[in-house]
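Written below as structure tokens is the structure these notes are about.
Lettered A, B, C and D in written order, each chain numbered from 1.
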Amino acid sequence: MEKGRVEAFSDGVIAVIITIMVLELKPPHMPTWEALRDNWHVFVSYVLSFVYVGLYWNNHHHLFSACRHVNGKVMWANLHFLFWLSLFPFTTAWLNEAEPLPASVPTALYGFVLLMTALSWIPLSRALIACNGGSDSRLARAIGGRGDWKTLASLALYLCALVSAPFAPILSCVIYALVAALWIIPDRRIELEISS
Amino acid sequence: MEKGRVEAFSDGVIAVIITIMVLELKPPHMPTWEALRDNWHVFVSYVLSFVYVGLYWNNHHHLFSACRHVNGKVMWANLHFLFWLSLFPFTTAWLNEAEPLPASVPTALYGFVLLMTALSWIPLSRALIACNGGSDSRLARAIGGRGDWKTLASLALYLCALVSAPFAPILSCVIYALVAALWIIPDRRIELEISS
Amino acid sequence: MEKGRVEAFSDGVIAVIITIMVLELKPPHMPTWEALRDNWHVFVSYVLSFVYVGLYWNNHHHLFSACRHVNGKVMWANLHFLFWLSLFPFTTAWLNEAEPLPASVPTALYGFVLLMTALSWIPLSRALIACNGGSDSRLARAIGGRGDWKTLASLALYLCALVSAPFAPILSCVIYALVAALWIIPDRRIELEISS
Amino acid sequence: MEKGRVEAFSDGVIAVIITIMVLELKPPHMPTWEALRDNWHVFVSYVLSFVYVGLYWNNHHHLFSACRHVNGKVMWANLHFLFWLSLFPFTTAWLNEAEPLPASVPTALYGFVLLMTALSWIPLSRALIACNGGSDSRLARAIGGRGDWKTLASLALYLCALVSAPFAPILSCVIYALVAALWIIPDRRIELEISS
């Protein structure tokens, strides 16, 4: 089957996810800069989640642009990935609701969903490789080198953040931002493979 | 007429449906695991509804990928199907609001909407077959064998769940999960027909 | 310019409009059939608005499928049309909030937005005709005969409903349902022109 | 890489942004014209924001229709632009919440987000030019003349509005409307370049 509709549906779901998070940005009740400033953490978490969702959309775009076909397995792996991504508005909202900021448990849950999203990426890319020529394919070559250190480093950092959440939740949040920074540079290898 | 925009519009509607359900996941007021655990049923119902909507999207994708044309009848049958699907966020929300959990009436309504969605699938696939070569077509062959036992079994199980809802709503919920499991395996027959 | 993105954007906006109306379907606080029945008018107005938005999507699909090009004028006429359509969730919500049901002013506003949406359709189809070959084109022929009585009858009926709203709002609501019924049959003329 | 998915994703995000603003249009609690009239400012701000988002969508459409390729830089510049655009529902909501209307700080924030969105347009168009043939390309020629006075005038007017917000917020709002009026005429130069 063609990949077109899987891309279109994923675009729709990710577009809704990235946009409804703004519904959590409740306008302050007083029209003052102080009232706005008191909500600074809400903006920081909005930016962080926006960057994460944007990042996953970018990688999703790169991943699918390197292949042509999909099958039932790819579709379920994709839905599984979208499921974890769809929890971002919830975990972001809880992170902001809790006092004092950031609270341990919401910080840990935020990281847990990040970790599960990262893990759900693995069966998705494997199913795509299997469906598009197997381990000798262009996609497999393009992904092969990358998965190594960046994915492993991210998973390790998420685990560190989960460990530090009960003691120093602010450190966990810094780690989340670090991992995002690590991935902001798009995957040049797929781009190179495609243009070659 | 071409099928492209019907697919795109359906993708959009289903993407919004599957994502706005997350707005019902209200963050707990206390930042503790206990507060989260008290909401476990909300997550279970979210997962169930997410799987159902994903499942219908998958089948919608398979169904339309096997045909080329649409007409006015297909468009209304499709809107009728989307109407019942659009009630999922509502019935899921009511299931979670009621106490004790799960309550009989919301469980029955949840099953009723599942039943109506399943029934609305029948005129949709018939209109598509009529519009794409009739009962001798590739689509008709692909669907022919499948509709038989799986659809009938689902309808029968939904009816059982409706009957059991007043006495044992938890049993009805188990049945809903069972039907979902039955359908998670995508329709290989359409896939085989397409690739052949 | 190509029409593709105007269609895609319109599909997106209409998909969100038709789906966020379901957020107005607040689950009853009691898990009983009585509580659900007390909300029957909410469902009726949801169905009516769903049908109207679906109807406009169908006609939008038919209209654009008959032409190829768009220009700046078409884009603004399309946005103007989407603006009035985007007010449907608001007018539907007000219709349900008021007591006793249906209240005169919300009923009149509901009809006013229906009227403005119908009127906004005229510059949109004119801009499309002008951009796709003018009054001799296939599109102009296809629309020509139709616009006559159905559009005029709808506008006249909307005006009747606006007049009756202060005295008999329920009559106005019946008229709205009648106009919807009038349009449910898709525009066979465009379909015939396209297939010929 | 092809531009298709970047367009589709942007369409999705902008469609959600333009539509969820309607969720801020809370129905008045009394079913009277007076209650509706008391909310007139909410409608005015909704119209203004709707026009702005529609305007950016139009320009986005024009900009991308003039080029073929995207790369990682374009994708991040596009996400950066969408980020500022996604704040429109928030700043519009705050503008309406504050008393007296319009309040200085929300008016200034509204203008600040407008300014940042306008500024985020510059790296986006530059990245697209760089990716599509550089400064000698058709796109560069089409944009070249335009950017000059309209963009500069807008930026200057936004700054004026930011300065006037503490003293005369109503003047700032008039300026926002003026800038929107300035841009409503779509960019004929790109249209001409494309059709030639």
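Descriptive notes on the structure:
Operating definition for what follows: a contact is a pair of C-beta atoms (placed from the backbone, for glycine too) under 8 Å apart; a residue touches a chain by one contact, two chains touch by 3 or more.
Worth saying up front: this structure is predicted, and the values here are computed from it rather than measured.
Bringing chain A onto chain D by least-squares fit of CA atoms involves turning it by 90°, to the nearest 5.
For the pair chain B and chain C, the fraction of shared interface numbers is less than half, so the two copies use mostly different residues to meet. Annotation: 26 Å between the Cα-based centres of chain A and chain B.
Distance between chain centres (mean CA atoms), chain B to chain D: 37 Å. Residue positions 8, 12, 15-16, 20, 23 of chain C are each in touch with at least two other chains. For chain C in complex with chain D, the touching residues are 1-2, 5-6, 8-9, 12-13, 15-17, 20, 23, 71-72, 75-76, 79, 82-83, 86-87, 89-90, 93-94, 97-99, 103-106, 109.
Within the complex formed with chain A, the residues of chain B that make contact are 7-8, 11-12, 14-16, 18-20, 22-23, 25, 27-33, 36, 47, 50, 54, 57-58, 61-62, 64-65, 184-188, 191, 194-195.
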